[in-house]
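The structures come next, written out as structure tokens.
Common to both upcoming complexes is chain A, partnered first by chain B, then by chain C.
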Partner chain A sequence: RSQRDARLQVSAALKEGRVSATELCQRCLSLIKSTGFLNAYVTVAKGTALKQAEESEKRYRRGQPLGVLDGIPFAVKDNFNTAGIETTCASNMLKGYISPYNATVVQKLLDQGAVLLGKTNLDEFAMGSGSTDGIFGPVRNPWSYSRQYKEKAPPKSGSENEESDWVITGGSSGGSAAAVSSFTCFAALGSDTGGSTRNPAAHCGVVGLKPTYGLISRHGLIPLVNSMDVPGILTRCVDDAAVVLGSLAGHDPKDSTTIQDTFKPFELPNLIDVRKLCIGIPKEYHAPGLSSEILALWSKAADLFRDAGAKVIEVSLPHTRYSIVCYHVLCTAEVASNMARFDGLEYGHRADMNKSTESMYAATRREGFNDVVRGRILSGNYFLLKQNYENYFIKAQKVRRLIANDFVKVFASGVDILLTPTTLSDAVPYVEFIKEDNRTRSAQDDILTQAANMAGLPAISIPTALSKRGLPVGLQFIGRSFQEKQLLTVAKWFEKQVKFPMIQLEVKRHDCSVFQHQKSVSFL
Partner chain B sequence: EQVTVDVLDHLEHLALVDFRNAEGVERLRKAVQFADQLHEVNTEGIEPMDSVLEDRCLYLRDDDVTEGNCTKELLENAREKIEEYFVAPPGNIPLPKLEERETFLQRS
Partner chain C sequence: LASWVPVVGLEIHAQISSNSKLFSGSQVQFAAPPNSLVSFFDASLPGTLPVLNRRCVEAAVMTGLALNCSINKKSLFDRKHYFYADLPAGYQITQQRVPIAVNGSLSYSLCIDNKMSQMVTKTVRIKQIQLEQDSGKSLHDDARSQTLVDLNRAGVGLMEVVMEPDMCCGEEAAAAVRELQLILQTLGSSQAVMAEGQLRVDANVSVHHPGEPYGVRTEVKNINSIRFLAKAVDYEIQRQIEELENGGTILNETRAFDSKLGCTIPMRDKEGKQDYRFMPEPNLPPLILYDAKSLPVNMNHQQVVNIDWIRERLPDLPSVKRAKLVELYGILPEHSFTLLNEDGLAEYFENVVKQTQMKPKKVIGWILNDLLSYLKQHALPVKESPVSSFLLADLLNLLERREISSSAAKQVFEELWKGEGKTPLEIVKEKKLELIQDQKELEKVCQEVIDRQEDEVIMMVLG
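Showing the complex of A and B:
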């Protein structure tokens, strides 16, 4: 069975009474427990989730569900504020911080009756591309425990532990991607500043949508880079992403960077004709280090569109290779500003230092932030120094315009959608990943995803095929600003063609019996 | 060499975070080296871009009070408070100079 078959049919099941919202919630909670070794969840909100599920059940019994999302369990990356629930950003700086409010996106889902299961793990303050650098430890890619991966692993000598084989989820929204990939929830929120939703989506075999900047409210999303951050949506299929997008998009008076145009939620057509489409293949995305496997898949995908009658042409985005450098400067500069709020006075960690305000701030920040965060703050401050401002910060802003203009030119020339790889390779084993430092890794891994954030464009990663190692590989579509409907329609068509296989997760139960998890058995 | 001890000290003061060790300093040096690639790009006549939404008007709402009165919630997360005040240690005391404070940079 392909992953696409099991979409929000669970919604229909709830409506028809084949499963109750409480049962569904309990099954997800139980699965979260049995997949605890993935370390995807930082906080599980068991009590409130069950309460929400009960309320949903009452509504279904009255025949008055709030909508398609009523009773649907979802998870949220731990950098979104959730009222009454700890929000840590996987940092000591916010350990114990209980949000006094819900981020707008969280509130919107709750208003639709969706059930919040818990908060997911990430790189500290969303800085990283592996979901390995948070205080709760790394997230494990569920595919590490799939039959598909295990079958392809080289035969081991008796003493070798399969423990050392597990691969990363990618990041920084790795917990959310793993949560969706392992069936513990039907949708999860991530954030995307340089690729943080699309990268783990590709590695975990799920759909990762980065909406246009300004479409979805950032109110309550603890900011990294205000001019690039967006909430991201992770689901198992494109139709589900469209449903979630429908409930989240639109102007928020609490976020002045959301556009004021009225957003019309849409349903994606089932019959899609790609003949009128023009697909652009940006040649610069054939980046150094791109695996030959992914290159081949990318090429195959282009052929798929061509064979279906679409126009497929090579295009150029000449400033692509500077995107990562540009991002590095702008990101660290905005981070330096955004992290200044953490001083121990109003919330979060506070050091036991009372000599002076400054020394208390310094001690608090010394104790609260990890190396990665401190490193970015210091770099950012460097680029913002008077003597460097023009040469680095302003320069980067100019390069940003060049990058954004590259896209404008290509879309103006008649291209509707760009097709690119999402990552350079399939997921690497954790032991390999940690050999390089965070900044180097981020610079390598964000290369294909970052430019879309620079230009504010919508982009989506679709699980395409399994690699030689039995791990997911995703391909990315980048669309025009605010043209999510077209983007998702093309993505859905592609998803239907590739029929990405369902993960055959092998999870040991408490009683030590091994069972195969099939979504059809558990949820419908 | 742009990244002198004076600059590093200045950054620690501005950022109120520390480099901590040689690795931290090296991290900055590498970051600057990486960023220097920007200078390869010709940006003659190009305006800096602040926001991708620069062609639109920022939303401004009416100057009406719509929420507030949440003192209790806001104070919940503070460690040190007295009545309705956040308590801070004395201000206007600058961070000790390089020679006087405990910092890795002293040994540079």
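Showing the complex of A and C:
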């Protein structure tokens, strides 16, 4: 059975009483436990989750569910505030920090009756593209434990540990992607600043949606780059993403960067005609380092559209190659600013240093932040110095405008959707990934996803096919501002065509018997 | 002796009079228990975002209009970064690039040579008005080597009013600030009470020889009253002149005014020059204001600030009020200044005028000489005067009808001041202060006096 039908069926099952919300919650919790080695979760909110599930059950019994998300378990990246639950950003700076309020997006899901299972792992303060640089350690891609990957692995010499083969999830929302991919929840929230939702979605074989900037509230999302951050949605199919989007989008008076227009939630059609569409293939996205496999898939995808009657043309986004450098300047500048609040005074880690306020600040920040964070703060402050501001920050803002204008021009010329790869390759093994530093990796891995954040555009990664190593590869669609409906419709059509296979997760249980995960998905 | 031209500019921070803070919903209140008025945003909890307070914008627009500024229909917010215990976010949200109002002016008046009768009007240019956050307060407890931080004030809205260096001495600075204070209080945009920290003034002072470029300037802080402002500025001018005449140089530094010693002292070194690393505030879109022409037709007027709407509702500014008083009542300009300088005095005066036949030109004497001196002696504000305008009017009527003499009137006033609830007439009767009008009666009294003092009279007649 396809993944698309899974959530719909669960909803139906809940409604018809064939499965209870509590049962569903308990199964997910138990699955989280048995997939603990993935290190996807930082905090599991068992007590509150079961309570929420109970409440949901009562509502279903009364025949009054709050909506399609009532009783549905979800997970949230640990950079979103969750009242009463620890929010760490995978950093020593916030270890033990209990949020006193819910992020708007979390509140909206809870208001729909969804069940919050826990907080997921990430790169510290969302800085990274591997979900490897947080204090809780790296997240493991569930596909590392899939039959599909194991089958394709080269024969090993006896001494080699199977353990060293595991691949990364990508990042920085790796925990959320892994959580969805391993069936522990039906949807997860991530964040996307330069690709942090789409990148792990592609590597973990799930749908990763980056909405238009200003569509979904950032209130409660601990910021990385305020002018680029958006909450991201990770699900197993496009229809699910549309449902979650429907409950999250809309103006929030607490976030002055959300647009005022009323948002109308939409359902995606089942029959989609792509003949009137014009798909743009930006030639600059044939980036150096793009694997031949992915290039081939990309080409195949273009053909798919062409064969179905859509117009497929090559387009140019000439300033694409400047986006990495531009992003680096703007991102580090905002990071330096956003991290200034972490001084140990009001909350969070405080160093045991009493000589002076300055020395306390310095020790706190040295102890609380990892190298990546500290490195970005230093760079950012450098770019913001009076003597540098014009040459770096202002220049980068101008380049950003050029990048955004590239998209405006292309969309104005009749192109509806852009089709690009999401990543340069499939997921690399962890031992490979850590050979390069965070900065290098981020620069490499963000290249295909970043420009959409610069321009504020909506973009989605759809699992397309398995690589020859048996790992997921995703392709990306980029749409016009606030045209999520069109974007998701095209994505849904594509999803239907490619029929991406379900992960055959092989997990060792404590009784040492191996069981196949897909069975646990069918509650019916 | 070479002549020196002193140059004085001012940076004034006025706390906006509003119910809640500039970017958050927590309350604004003086002297509340420490850290009782702090929202998540004020404490810089991660993930919180600023939301602009409409009332603060209106206050700034009002003030800008009253100071003849151009109101920028589009202004921007910026972050100014520095680390300090009373600045939780590590930056202040301010308006550095494009403030809400620019290029205004303020007229103020001075007495020449301390003579109230010779007033001269001066003007100081207003460079700009910007909206920004106030910081919290930190108290240094040296005994226990600790710093106590109170964030109640953190995030309260401020209007920074920058006055160009058009002033030349302490008196001018003081007069300018006094007039600004009156304007703010009239508008209601700030209560502007210096003692409560609602109005803070920093002075920029330099001296140079005529015809030469401006000298190095120092910034003087920690000025807690208008009186001290004049003192601090004059001291600093003198200090700089002496320093330069002795061959020294002026450092571009910040100095604190020590009110006890009456001098300025260098402030503890703030690590040389601070680079504030200004950056646009990414969480606040540009602030767009409208006027009648630019207001879109179907815009919800609750959602926008209309400059013309505010302009139409501006109250009479002090200068207008004064002019009206002079015109209506024929009093002198300097009188009008004094009337407006005391809270409630102008109203009191007008009430007395309404209730008495005495001409305003005469009434004013009683208000400014008698009432005011009594109030000052007892350190009472007008509203706590034991002599109400009704009672005073009553008294003045007796005087006007020549029922009592003016010296008797003064005695009655003294009695009234005791606040024992007696009317002027009652006091007059009690103390037998009535003027005798009857000729025969007068003769009788004179005769009685002469009879009693026979010897003196004989001496006088004999010459």
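Here, the second predicted complex is superposed on the first by the 514 of 524 C-alpha atoms of A that agree within 3 Å, B and C clash if a C-alpha of one lies under 4 Å from a C-alpha of the other, contacts with A are read in each partner's own complex, and residues count from 1 in each chain.
Simple rule for what comes next: contacts are C-beta pairs under 8 Å (C-beta built on N, C-alpha and C of every residue); 3 or more make two chains touch, one makes a residue touch a chain.
Everything numeric here is computed off the predicted structure, so don't read it as measured data.
Of the two partner chains, chain C is the only one that A:333 touches; chain B does not reach it.
Comparing chain C and chain B on the residues of chain A they touch gives the larger count to B.
Of the two partner chains placed by the overlay, neither chain B nor chain C lies in contact with A:60. When both complexes are overlaid on chain A, the residue A:361 reaches chain B and chain C alike.
Within the superposed three-chain model, A:251 lies in touch with chain B and out of touch with chain C [touch as defined at top].
By the touch criterion stated above, A:347 is placed in contact with chain B and with chain C alike. Of the two partner chains, chain B is the only one touched by A:394; chain C is not. When both complexes are overlaid on chain A, the residue A:136 reaches neither chain B nor chain C. When the two complexes are overlaid on their common chain A, residue A:220 makes contact with chain C while staying clear of chain B. Counting contacts as defined above, chain A residues 100-101, 227, 253, 256-257, 336, 343, 345-347, 354, 357-358, 361, 381, 385 meet chain B in one complex and chain C in the other. Taken in their complex, chain A has these residues touching chain B: 97-98, 100-101, 213-214, 227, 251, 253, 256-260, 319, 322, 325-326, 328-329, 332, 336, 343-348, 350, 353-362, 365-366, 369, 371, 374-375, 377-379, 381-383, 385, 391-392, 394-402, 404, 437, 439, 443, 455-456, 481. In the complex of the two chains, the chain C residues touching chain A come out as 40, 43-52, 79, 81, 83-85, 88-91, 145, 147, 149, 275-279, 282-285. Contact residues of chain B toward chain A in the complex are 3, 7, 10-12, 14-20, 23-24, 27-28, 30-32, 34-35, 37-41, 43, 46-53, 56, 58-61, 70, 73-74, 76-80, 86, 88-91, 93-96. Listing the residues of chain A that touch chain C in their complex gives 80-81, 87, 89, 94, 99-101, 103, 218-223, 225-227, 253-257, 333-334, 336-337, 339-343, 345-347, 354, 357-358, 361, 381, 384-386, 389, 393.
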